[in-house]
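For clarity, chains are labelled A, B, C and D in written order, and residue numbers in each chain start from 1.
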């Protein structure tokens, strides 16, 4: 059994990790920390876990994190980088669900996240945890930067086109719609029910932190910089991301075959038949990314529709997928629950 | 492996049965029928099942139902009673998720359901599939009348009080709120998104078919007729039933202890600590009923809060629980997925 | 033109007051205060008011409240009682949308609201602003206690029965469902979209502040104390209250005729035809209360269904209705917008 | 008073027209037809109109349409073209809220709408009812083709850029999100609450009927054909369209100033300050289009955010705006209700 610890388990990625790990046949939950809720039973904060998760929150100091095999950080940005060095030194693998190790360019990270990085020397070692791209490196990694939710949906949608070199790289557009849980479990006015329900809005059009992360991933695939316009939208649903991607073809190609080939062996990516329109509920509560690809009116513009559950393939599920790889387990172990629909 | 067939798998209880049975370690899906969708792959109608359910819908005639070990009817009322006799004769166990065998009084059934009963002789044999009441009879049953969604939540909430003989039986009130999936997957105007969203209404106040079913169950426990006012409400959520129950105490009793004792050994009923208020999402997509009990201001009125997922403990999950009992399996086999929250 | 001021205009009752007063033909908005948002243009906080409300928030000190004809308090409980004395002394009428003057029993108020009352001498003078009960007293009032949202829906539903003396008074039940805006525009976790959407829960079953308010109103009508069980529920909709009321008849009576007679002249109460089930959206954004009355199975239990928009007839609209009465205007002036449906 | 008739008033654009016309100071509702609901009181089908609309539905044959001053068609496509000739001959002005007269190219219309046009000779006369473009022609029109909902939001968002000739015309992208009421009040499975809630999907990516309509409008402004990719999405909200538009600048220009100048005199278009993100609820139930314009990272891609209420500025409200112009009334008469928020 893998002994797993969670730092910062009171948010939505935390409770989703708990849901997945508590059902994982090879994991034993060893500790979960929350400075604010220390002493409280996890199942009291999250009644959905009653009878199944018997841990209580502890302070980080009291938690036996260094005796874990793996520690997940489901914390705000800037926390994992404070503790990663020590845990790695103790032989613990670290999976950061926040952004501390996602950008390889430290200066850019500091610009977007507005703080100094606490352990820049670990950034080069950290592996970006997108298994469909970095599977082999993940297997041997000590430190995983678990991808952001938007970056997961967008990269999985664009990569086949970019890797094949068949689209113009200067005018990519990613129009993304996210459920409100993507904003976290924070007491903020704009994500109140009465604000976010029955309404939709774009946000952060001038610049969003997932923009450099996506560009980094696409640039690596392209071998050069890419031009990307990324517009996220707050959508009245709990879970789900729908990325609608636009690119101009630079070569004639059978895009459907291209996508099917690229993801042929991937258990967590499902390329739909031609003409499909995936809805986010078809992946709700599952670790799947479903993708459809279109060429409206047979023109030069390719439209890719890519949906994930932001809390699963976009966060906690992908983290477990990475853990499975790191510990030599079946990649989808504990991740095969069917989507919940309706 | 249990060979299972589903008759009428295009509704919400059908797809939920598919979700549960496809993940059940001891079940092999042998057939699923739909006259209207015959020939269509199940996963085309329900993309959430892509890659996991490879069956196609067939007509009832072509389906190898008589070679199944168990057949579930996820059909409109009035269908199971047409086919039950023949299946039972062939040695197949039958679980009807509709109402054909729920009422022991044939005349009353015919009055509420507006049709003649096709096999009244089977009604006496049919076992009402509420395991928390009829566990032993279910184990040996050939024919199960799977309870309605409201009746499950309401009976589980009232039974401890009634069995203990501590409440007045003439003025019970069950104020119930159901998610819209409870109305089925039918193309009807009143359950359109734009009609049902951001609104709430009572319905069927003059009389609802679940009223006689609940009364029958409560009367059996009481040993006499009970007076019950039942008001269902259509609520803007997909899944979930919240039953708010009101009864007047006729004896002094520790109601919290009463409930805890009654459900001490029950895996699918969770009595919450004093002062709790269960929300429906704490049971979403799970086979649990969570219950809290209150005596506001220490008065004579007991308020019971009982929540279930109408499609799971209120339908497909309870059907699988019954199947497990009938086939000598662990009662919760295939039913242990944690609720999905948020 | 009536010069109107609003104290504390950053919540949902505040913005709803602004919506109504900005469209009222006889009102001039003179000032709106918010200590926290002082200096901010109202339309910047509430973009729905752009181009129509040109005021900015000011501190209470700077606001010309004493030169207003009427001041509305859309503040948390405990604010209006600090300022009412001085405003009344300056000849300003005061309408408190919070609870400071709702309970005539000071001791009970202090118990439920957990603070000392700052001007108990004004409580007796304050008129409870339910026009359907206190119309004449409102016309000449200086100080109005605007009713709570639940109390409005529940009292309008019970009053015809109680005034007529035809129901048992010891076992009234009010099962109420409220949209999330009823909890206010406060940054609290439990009313986040991802918490409140697609779920329903009861709350405050042991005791809610609206319970003594409702009992006070019903007792006044009954001429004696009443026994009331009141259970509010948080419902996944933005606006709307649905009160489902249960009472036992103590006399034979035509309840439909009773309700129609009681509200025959009332512009803001609409008694539906027999057999109706009002939905909350049929009053959305309007100052109406729609009521239907049932006797299921012709029994002794009366079920009353009473719906309002909690922000309009349950708060800001009723406040404007009171203002109209106080200033000798047509009672529904500025309140005749049709409900928004769907 | 203008005598107004409505043909086909049982859908969402019909009931919204009723809401607006019933409150219009210069309109008298003379007739409303529905073959299916003939004889039924309008307020019985739409309880939100109780007490305010006293008409009953009649058959088209019985309705005094030829004695109206204006007749609105809130019908499926293909109905208005059957009756327009006769009504115009009788001197009645006609406003078609469906698509019969929207496309000037008859062959293209027939291709997209799959039927033969019944009165092609009227197409050239019909005026496309977008007042911000065709105001003068609308004033003297006999026959108005009221624009589609998506086309309204998209054209208003793109027009300033295209009219100024500052964007590349071959790669325009319109990513649009619509509330479910946009699909109409039809009993269809895919728009059931349990299907459409808590989920989001693109649809009609290969081709949507609003695509040629938008292209026609943009081409007229550009003086040449334009290349447009249009992807609509079904979004879990009742009302609202959010169009997110992408264009590549071909010239250096102050886009904010450009938009402000273009819509300076427009009462129904509100250009937000730089850096804004309009939400659809800021226009809910109002006839406004709010627009914000961005240049992320100061690059060459312009992002325009354009929001409307699909039932008001996207349908019934714009129809009333057109009627006002046709009859020489103040353009916004009866259309000044403030948005309902929250």
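Rule of thumb we're sticking to: a contact is a pair of C-beta atoms (placed from the backbone, for glycine too) under 8 Å apart; a residue touches a chain by one contact, two chains touch by 3 or more.
Source: prediction; values computed, not measured.
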item: Contact-graph distance - origin chain B, target chain D; value: 1
item: Cα-superposition angle relating the copies chain B and chain A, to nearest 5°; value: 180
item: Pair with more cross-chain C-beta pairs in contact, given C-D and A-D; value: A-D
item: Most remote chain, CA-based centroid, reference being chain D; value: B
item: Centroid spacing, where centroids are CA-atom means, of chain C and chain D in whole angstrom; value: 36
item: Distance between the centres, which are taken as Cα means, of chain C and chain A, whole angstrom; value: 45
item: Centroid spacing, where centroids are CA-atom means, of chain A and chain D in whole angstrom; value: 39
item: Junction residues of chain B - those touching two or more other chains; value: 12, 179, 181, 185, 194-195, 197-198, 236-239, 278-279, 281, 284, 342
item: Complex contact set, residues of chain A against chain D; value: 171, 173, 175, 177, 179, 194-195, 197-203, 205-207, 227, 229-231, 233, 235-240, 242, 244, 246, 248, 275, 277-281, 284, 294, 296-297, 299, 301, 303, 305, 307, 342
item: Touch list for chain B against partner chain A, complex; value: 12, 15, 19, 22-23, 46-52, 181, 185, 197-198, 238-239, 270, 272, 276, 278-279, 281-286, 290, 336-342
item: Residue ranges of chain D touching chain B (in the complex, touch as defined); value: 12, 179-181, 183, 185-189, 191-198, 236-238
